[in-house]
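If you scroll down you'll find the structure; I have some questions about it.
Labels A, B, C and D are assigned to the chains in the order they are written; within every chain, residues are numbered from 1.
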Amino acid sequence: MRLVFSMIGKRITQLLIMFLLLSFITFVLMKLTPGDPVRTILNVEDVSTTTAQEELIKQQYGFDRPILIQYGEWLSNVVQLDLGESIIAKQPVLQLIINRLPASVALTIGGLVALLVIAVPFSVLAAIYENKWPDYLCRGVAIIGASIPSFWLGLLLIFFFSLQLNLLPVMGRGTLAHYILPSVTLGMAMAPVYIKLLREQLIDILQSSYIESAIARGIPRWRILLFHAIRGSLIPLVTMFGLSIGSLLGGITVIEMLFSWPGMGELIVNAVTQRDYPLIQGYIIVVGSLVVFINLLVDLITMLINPQIMQEARRAQ
Amino acid sequence: MKKGNATLFNLPITTKLGITLVSFLLILIFFGEWIMPYDPFQIDMNNRLESMSHQHWLGTDQLGRDIFSRIVYGAKLTIGLGVITIILSVIVGVPIGLISGFSGGKIDAVFMRIIDAILTFPDFILAIAIAGLLGPSLTNIVIAIVLVRWIVYARLVRSQVLELKQQEYILASKISYSSKWRTIRMHILPHLIPTIIAIGAVDVGKVILLISSLSYIGLGAQPHIPEWGAMLNDGRGYFQVVPALMMYPGLAIMLTVLIFHLLGDGLKNRFDIRKRGLRK
Amino acid sequence: MKTLTIEKLTKSYAKETVALDEFSLGIDQGGCIGIVGESGSGKSTLARILLGLESFDQGQILFKGLQIPPKKKKDYRDYRRDVQMVFQDATSALNPKLPIWKIILEPLDNFKEVKPSFIKEDGLSRKAVASHLLEMVGLEREFVDRYPYQLSGGQKQRVSIARAISLEPSLLICDEPTASLDVTVQFQILELLKKLQEETNMTILFISHDIRAVTFLCEKIVVLKQGIIVDHFHMKDLYKKNRHLYTKQLIKVASLS
Amino acid sequence: MKDQLISIEHLFVTLNGSHQPLLEDVNLTIKMGEMVGLIGESGSGKSLTSRAVTGLLPKEMRVSGRISYGGNNLLELSDKERYKQLGIKIGYIFQDYRGSFTPFIRIGKQMTETIRTHIKLTKKQSEQLAREVLNEVGLEDKTIYHRFPFQLSGGQIQRAAVAMTLALKPELIICDEMTTALDVITGEKVLNYLAKVQKETGCAVLIITHDLAQAYKHTNRIYVMQQGRIVEEGLSEEVRCHHKHPYTKKLCSCLLALPGEDLITTASQVMVK
């Protein structure tokens, strides 16, 4: 139990460091920013505005005070879970993000399911038939898959399954059918890395001496494959997932844009084009915390499925 | 493990393919201007959305610009950005990794903490943040990616140095009174450089994907610039009418990234990098 | 005066694991000292401390009257020249990317002013010096241009020895130099070490788990168990009744009957 | 002969696409209840021989000759039938103790898994059996049974491996350098338990080792292997003192004597190059 706490502690420190780094960077960048948020708020590019109006806005949003004070104020608000108000939507940032969260989480889960369905059979086949045609096929698919831009893959899928064959809906989120294309696109975008990793893992494990021992003990082949080999290859898979959760959140943004999926990605891209600073900052903070939180979960899961880590951690203490 | 002298002829087929394709890309980059039949920025509203023809090999886009010329022009831009990003990341990451791994102790711990913290922060999101705050542009995207990418090299170099430090020839070098710099030059760099080149090649491909993705959602290259991702974004509205508008830039990205993947894998095999030691 | 004096050397890694516990030993110039112990006995830690590759908690080491590791730059340089090591795993001890001659000459390159006594002529090329060293360890001159992967385990260990003796050290520490070799090769390496010791009168500190190898090479034997010297005796007293129980056990396991 | 357990006749093993055989005309017999040593240096083919018996050779190797066991030629049996013999008829203990058991599954679970593969027992009965045999080799079942392999020392793991063979009572146990990765004293202990198990079950044991002293002490008969061939065979005493083949002589001469120990009658330390 002490171990779990120390792990949580480590992650929280990490969160704090990251948080300070990020908020610092975002604030410095804001200072440097060429665009003027005041003009954005007034939403007038061509109409001439009076300086009085601008001053009023500046005061209202606190832009006229020294940056350090703005920073301190913002920090203390964040600690109270107040991420400010969106300039465009005039709603609390946190509320906006939380509204969009379920859609993104749902898509992530859909993507993971698709990933497992694609990656596991491919890599198991490739590992069992190492250096035979199934292996070459899998490696070929993986390397081509890793070269295709995910949004282009999505476009192709839309083109064939929605426009040509009229099988699946293109945009939005509603029925289960709406999930298929975005999930598959996300799954396929992630699959190559996992196929490569799982295949190498499995090949290493299948050649390891403990598999040889299990064979020499006469344990049925299917049991060895399932309980000794695949089980063993799951450990790095979970670690890998923790490491790639960040790029997953990035990848999901593109896919949400492509399919007009009402998730966080769409929200943030619109915020960027509209220069909605509080929203951008809030998004960064939320995503950062999310990444750290998921990594903590991954740590705990790894500890559960890999007793050796627990042992080593204990020894290190 | 080590094969005899590798000549151009007994290299593995993937490497041969890789070298051929890379030379092809190099020609595109350096001689692109002579190949382009049209000015890639020339708008011609009389010839909008034309299909393939003798005049326009790959047709024209919604503003009548020649797609082939734009793709050729985009090659230089897209690949150049990818390569520059990686070179910058290497320049930042490698020394930090070397220092961190070689000195160990507190310096190492501090670097690792920072790296861990940044690592949780995905490059894509940081790119969004920077694009959002500084405004979308290719320069900002490159800055954003380098800010995160250097970590890959710092970590790679650090872990390699830590692994090499266990090797007894590094100890022997210390016992021989070799200076730290001499040990690094004689025993560490020869192992590191091939790895960095091979990983860097694959990474160029990854970065090209990343930049084009960001351009596609409008956070990278601005619409009129013939960066391939931006071209796809540009043609989004006409996609159902003229699928070719989506086809060629996408294919160009895919083939280019594929080439860098093949090149990287070929180099990995050539340098015999595959996770040494893990396989028994 | 003893060449090497170790007094109450103590080193522990974590709270509970003590690698060396008040280890004391004096060694004269010349001859072979054997240190026998199983894994975890602290014998490798001892080697690493003597070479300045690791720090220690308490005690002191004097080598030719100087504290080890020496603080002054000149002393440190002399100490590096005078104490050399042969490692257990010859494969890991040779950089796979370098040709043999570059490997062998690394120490001499750092001591340009040193002219070893085995070099009789002036103006020899570097490769010639390297091939001379190779001959001293029983390898052919042609090996200078080869790479480690072209050599067998025994040959690699010879190269490793050639590198170690190139500066003509007065103390050579051998940490299990034969443990990963085949029996026949093991024997040849031991013979080589014995021959080199007799020719140069350097001191060899021979660390091994194999009591047979130790008795073959060494006159004096120290038995280590969990960081403590349990027995310390001359070869001729090997079978004396007052041997420590652990020593007797080791002998019994190794003997044929 | 009736008491012959297994006999290898004219065994050749060749790597596909190569003409130089890895094993050349290997003949070896093991009688019931016998402890046989197979000694040789690395690359001599001793592990290949044992793997040919179990059928664990890599697929890219061709095997010819005859291995008679229980009235069958093993080389003619189907893979499936050979697989059935593993564990229950032929036990195998490997060199690297870290690979003796799967690292992330508890020892007890792996033992019951193995037992229930071969013997029809309930879960409870197999656990009972596993605990019994663990105690037999001097391991406390209460702690060891629930441990993961990496929580045990090398000696404990190899003893658990010995216990495993005790539970299944195979007719032949092949020990492939099982003590090489262990300390000498620990290795001796494991070998003593092996000898105990051998006495209790009456099985035959093939000890593969590079360590001559070990082979002399623990086996009745010794085969000497060099470069894929058996060069000498005989009772342990004979091989030690009255060997005929020059390679055996070289091997024995390299075995360093403890002072006063009469290794071989000639006691020469001639180096045979």
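By definition in this document, a contact is a pair of C-beta atoms (placed from the backbone, for glycine too) under 8 Å apart; a residue touches a chain by one contact, two chains touch by 3 or more.
What you see is a predicted model; the values in this text were computed from it and never measured.
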In terms of touching chains, how many steps apart are chain A and chain C, taking the shortest path?
2
Figure out the least number of contact steps between chain A and chain B, where 1 means they touch directly.
1
Chain of greatest Cα-centre distance to chain C:
A
Suppose each chain is reduced to the average of its Cα coordinates; what separation in Å results between chain C and chain D?
34
How big is the gap, in whole Å, between where the Cα atoms of chain A centre and where those of chain D centre?
52
Between chain B and chain C, centroid-to-centroid distance (C-alpha), Å:
48
Taking each residue of chain A in turn, which ones touch at least two of the other chains?
208-209
Could you list the positions in chain D whose residues touch two or more of the other chains?
none
Let me know each pair of chains that touch one another.
A-B, A-D, B-C, C-D
Footprint of chain A on chain D - complex, ascending:
54, 56, 83-88, 91-92, 94, 96, 98-105, 113-114, 117-118, 148, 150-151, 161, 164
Interface with chain D, chain C side, in the complex: residues 38-39, 182-184, 186-188, 190-191, 209-213, 215-216, 235-236, 238-239, 249-251, 253-257
Per the touch rule, the chain A residues reaching chain D in their complex are 208-221, 223, 227-228, 231-232, 235, 305-308, 311
Note which residues of chain B are touching chain C in the complex, please.
1-2, 167-169, 171-178, 182, 186-187, 190-191
Parts of chain D lying in touch with chain C, wherever the complex brings them together
41-42, 183-188, 210-213, 216-217, 240, 250-251, 253-261, 263, 271
